[in-house]
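Structures for review follow.
First chain A sits with chain B, and in the next complex the same chain sits with chain C.
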Partner chain A sequence: MTTLGQEERHTEEKVYRQLRANSLLQEIMLRYMMEGQAASEQGKLAWVTSGFPVEIPVTMGVNVSYPEQYGAIIGSQKVGPEICGFAEELGYSQELCSYARSSIGSVRYPEKSPLDGLPKPQALLACNNICGTVLRWYDAVSQMTGAPVFLFDTPPTEGDQPSHHREYVRQSVLRLIDFLSRTFHTSFSEERLRKVGELSGEAIDLWTRSLKACRNRPSPLNCADRFLAMAPIVALRGTEPAIEFYQALLEEVQERVSQGLGAIRDERIRLLWDDIPPWFTIFRFFNGLAARGVVFPADTYTHAWSGSLAGADLLDSVVSVYSNVYLNKGLEAKVDKMCELIKEYSLDGFIMFSVRSCKRYSLGQLVSKELVMERTGVPGVVIEGDMVDSRLFNDAQIQTRLDALLEMFL
Partner chain B sequence: MARRTTIGIGLDIGSTTTKGILVDSSGTVLAASLVTTGASAPIAARHVMDELSQTSGKELTGLPIITTGYGRTSVEFAHETVTEITCHSMGVHSLNPDIRLLIDVGGQDSKVIRIGPNGRPTDFELNDKCSAGTGRFLEVMARVLEVSIDDLGPLALRSTSPSTISSTCTVFAESEVVGRIGTGAAPADIAAGAHLAMAGKVATLAKRVGLVTPVGVTGGVALNPAFRHYLSKQLNSSLWMPDKPQLTGALGAAILAVKR
Partner chain C sequence: MGYVYPHAPLEIIMAHGLTPTLVRARPGIAGAFEASLQTFACSYTRNLFSQRANDQMPASSALLFPGNTCDSLLNVGDIWRVRFPDDIIFRLTYPAANQGEAAVHYLADELRSLSQSIEAAFGRPFSEEEFRDAAGLTRQFRSAAQFLYAARVVSPQVLRYSKLAALIHTFLLSPDQKSANEITNASTQVQRALARSRLLDSAKKIQEQLIKRHLTPAALPHGAKSPRIAIAGGMIDPGAIVALFNAAGIPEDALVMDLFSFGFKTVFTPPCEVGRDPFDSVARSILASPLEPTQEGLGVRLAFLKDVVTNLAVDGLIVCEQSFCDPDEFEAPSLEAEASKSGVAVMRLPIDPELSDRERLGVRLQSFLETISPRSGR
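The block that comes next holds the complex of A and B.
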């Protein structure tokens, strides 16, 4: 007699290949969290948004923690409704981003939150290239913690970025350097930024090579692999441990490719994933599809960290990379990206996850779906839910949509 | 499967009713059954199987069974489950191969399906987490107006000036209707307003997928003449409806079962 848990593990072993590099990933991320705690105690910790030009604080010796990544931890530990509920008790709407709600909730009750909450910040660095909510969210955390907020303002771009636009964002970089100098009593060196930029670029290059390897059939990585493996590219850009991990990951990926081993045992249908994943059911969701031969060789989310700092004028490179995040561009840029990924990775269709929390990412998905279907000729489906708040995820409705999509491939 | 067969069984286990169809390989319907799902989908499915056996005079043991609908996974004797999207598409295609856009409105969902030349769906949209465009909406309206669900459509067609029901939420629309009753609006006008609101919601879903005529309508709600009237006006298109629009999902499942 086997328990349900054993059966689930058995099924996962059958359909899914674990990455050896995951143990290194756990080790590196644990070290990163401990360093964050130590930095907080020394008064050297900033919280940053996922699209922030993190190379600047790293250059200036300021440690960073990512509330969005912490939101993913809350989601994967399946305590999203509880922690988001703490923010709702304070009066925040259930319509507010669940990363923001879980962050505010955990600041209110760190003792009731995973890992006792994120270490206390001395500054809050928000970049609005991913959404506008981050500023008000960080304002709320500022009121609760006393840490000052810095807004790195990147106005949305459509097509080529005009020179006055670039100059405006460049001034933001200079203001950031000034803010960090005053707040953390530290200084900026362009030479040091070049070194950090090189480290960041090296990690991005290794990561990108692993992503590109998924063009192979079978794909060496599935969605859940990449969503876990992206942690250092978000949190540790510009540091040695990120390079160490992505080197190990790439070696394993190349080994899988050379041996013809896929991330899943029996790859039959290749799909594109759009948007943030449902962290609270990430393994069940993707392994459930893997059991039916569905692999996701590409997604729009983990491909978002691809810009490296380079060139003679590094500050200009910061402006360019962080203004041109595709969430900061028009809908057309995202549609182009999806069509490009479908073609490049030889995909049979796509799933768009309409994340109730993330309006910026999910806006326009219905129109995008039609455009991508028209341009690529492959079918797609929109399913609705959330990344952290499992109360917004209706299993039966999602299953019907997924089943109907898969039936189109029969 | 123990043996190859030329007869297949389709069961469509919906939130409100469970439907069953027995077809042979030529597509001829040998028996059909419809019962209320009630609290137990497996019991309703068994009930339908008994009726199919009695009507056709055939022993059903060993015949291929495909289930569809929201309760499709709750029947342990099914050989395969297929979504109602594919089943409705296949069922309608067998009855009218010209239909390229199908609107199916059931008890708890409304779906719009683009049907490919081979009868398979090529695109679809479903209502999401909202009952305003479904049969449940009309059930609630009928209850508030104290008429049977079968009488609601004919009542609405007597209206000359439909009331405005602005809410797109079933719960809030109920309060709105109670308000209209309070201000003395005629029941026929209120019923017409409810159908108009619902048809508008379904039409929006259809336009999202893209209007291609002729348009087919299926599902239990398709039997409601006021719904068809207002939907036809909203889409500016005539609507094709099969004789038994609630059975097309089961029919599609049965056709797939024969091919299995």
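The block that comes next holds the complex of A and C.
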């Protein structure tokens, strides 16, 4: 095992400190992908959206793969334009979400896609608590693969969730159990759900503790660290490997905090990141800012997985957790969350990445930027681009905007 | 009360003594959204927002935005509240899934909640009597409009598409007895014309089949003009299509059927029943609209399109896509593929409410019509 001191020497030339836990992460994610392949061959694989109540299929013995996560892989391997292009050849507009386009493109040409594409699904489980696009995207994949689509409908809320919303979403849970029973010839057990929910909750708790450790100065994690480390909380909620990883991560994070080691070597400016990152330049982008003393102790994206299934009525808990995710609330809730993070993490400003692919996340940023600045008194900037399709990312224009923001701190 | 989404609960709004009025995207609006909306907001919402920012929006006491139909409209409703804090904004959140009775109960409760909000904002309670009158009015309008749609399938020259679009638009702008009578009178005249040419029964049969959404091959008159074009899309203003056709010098007779949200999908919404719980009744009516407002059900939409192009002797299909409209742009390739499988020529038409590319779109339309030939066997 590499000690912190050895790690220090290995990376002393770099402006950031790599996490030891990343090697465990790679191992776990590789195992997860192989399990997905095996499940597909056994006819037990569903594709799910990142905000889907995954504890239900996991409880019922259905394995899951995440096309959004695969989109991040396509992005980070810098083949987004090529794979999105395959979908565009099929007639899908370049104006559409690049997660969707890259997913459709990889289904069309798996042999030309990273890892030979995601394993073939037997069902497509979409939850619209993250956006309305997911259903359309999965409909397109359904036409290509023949896998049926299930929509878990969570009407967006404003303020407290009304009782008729809760009842409607509860019916969605029952409908989901019925769908999975019929499609995968499996059954549901509340006892098993409780166990899966506990595992899920434990992983979320460990993850949340690592996130909260970033309130320390210097911050033990930077944006890119969290965006990589979030993979199991997205894909492996309700499983033992997720707990294994987040225990290792938390241990390392606490070690850094106790030794006063930050994620970057020279932390001078602490900023909030809003939205999905540009996967194709994630290290270059955040490390470039790290070289200028900028760290991101918090972001709105990786903080989105926070609710645990608990209580006497587990199905009711599913309703609460999955209806009340960050992107299923209105602009006011987003502004509140940003202000809260800026205060709790002692941040000097914020960067909002206006992702052309993601209307649910990004439309409203021009207004929320003003509201957050007004309420917190810290400056912010909106930069525009995309998370997978690098054709929609103008580096020079973005650098100019970032320079303007950073000048305010000098 | 202005509304921006076609499946607004007209009867509920009218039961509070308010007039629902469609706020539509309009050409000739200078962009004034840039400080509030990014360019990737759909062109429809950009146009609406610019109208309001430019003080070009027709006056209304309140605006009704939809939730859970698309992300642009959802978020723009929130942005609107911040930018125009004096405007009274309501939101009606639709079910996106085809969840049967659960969806009906949910939407009925949403409508009840909307009704309470309207009463709280304007001090106008829900009136059963006004509800019954409103239900009668929408029933009268839809019955007449449905017949006119069917009549144009049989004989497109019996009524210009622009006239039909204008009659519908007039009612959606101001649903009153005058506008309902206007379309009813047009329907009566068309019935007489079709009776003279012995086509009335065919039209009535098609009307029934369109209501039931189960078509059989239409009986068309000998020597029916060709080509016969259908046009599909979401929240496209039928008036914009008329303007394009006219500018390109294309006869309106070629256009036999639209499948637009502000056209077919609104007109063929079944009327709500009186004598039962009004909110439940309106919810059932809205959820029984053809092809909308629930987002689930691509297979059903494609099956209906196939039914239309094969049974209504359609030679060509135009699929409209509004810029940055997720529902339009996601569904267009599937619509194109389905129609192509049925042997129908297809053209995709990217369009925005400003008709900013009018000349080029006109040329594309002309070329499309020139290249398609009537389907074999007709």
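Quick note on the criterion: the second predicted complex is superposed on the first by the 397 of 410 C-alpha atoms of A that agree within 3 Å, B and C clash if a C-alpha of one lies under 4 Å from a C-alpha of the other, contacts with A are read in each partner's own complex, and residues count from 1 in each chain.
Everything that follows uses one rule, which is that contacts are C-beta pairs under 8 Å (C-beta built on N, C-alpha and C of every residue); 3 or more make two chains touch, one makes a residue touch a chain.
What you see is a predicted model; the values in this text were computed from it and never measured.
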{"item": "Dominant contact partner of chain A by residue count, chain C or chain B", "value": "C"}
{"item": "Partner chain in contact with A:His164 - chain B first, chain C second, else both or neither", "value": "second"}
{"item": "Partner chain in contact with A:Leu366 - chain B first, chain C second, else both or neither", "value": "both"}
{"item": "First, second, both or neither for A:Lys14, with chain B first and chain C second", "value": "neither"}
{"item": "Chain B versus chain C as contact partner of A:Glu384, first or second or both or neither", "value": "both"}
{"item": "Touched partner set for A:Arg175, first chain B, second chain C, both or neither", "value": "second"}
{"item": "Partner chain(s) touched by A:Lys343 [first = chain B, second = chain C, both, neither]", "value": "neither"}
{"item": "Which superposed partner A:Ser93 touches (first chain B, second chain C, both, neither)", "value": "second"}
{"item": "First (chain B), second (chain C), both or neither touched by A:Asn394", "value": "first"}
{"item": "Partner chain(s) touched by A:Pro155 [first = chain B, second = chain C, both, neither]", "value": "second"}
{"item": "Touching both chain C and chain B, counted on chain A across the two superposed complexes", "value": "366, 384"}
{"item": "List of chain A residues in touch with chain C within their complex", "value": "90-93, 95-97, 100, 128, 131-133, 135-137, 139-140, 142-143, 149, 151-153, 155-156, 158, 162, 164-165, 167-168, 171-172, 175, 330-332, 354, 356, 359-360, 362-367, 371, 384"}
{"item": "Contact set on chain A toward chain B in their complex", "value": "366, 370, 373, 379, 381, 384, 394, 396-397, 400-401, 403-404, 407-408"}
{"item": "Interface residues, chain B side, partner chain A - complex", "value": "70, 81-86, 120-124, 126, 128-129, 208, 210"}
{"item": "For the chain C and chain A complex, residues of the former touching the latter", "value": "35-38, 40-41, 67-72, 74-76, 78-79, 81-83, 91, 93-97, 99, 102-103, 105-106, 109-110, 113, 295-296, 298, 321, 323-324, 326-327, 329-334, 336-337, 348"}
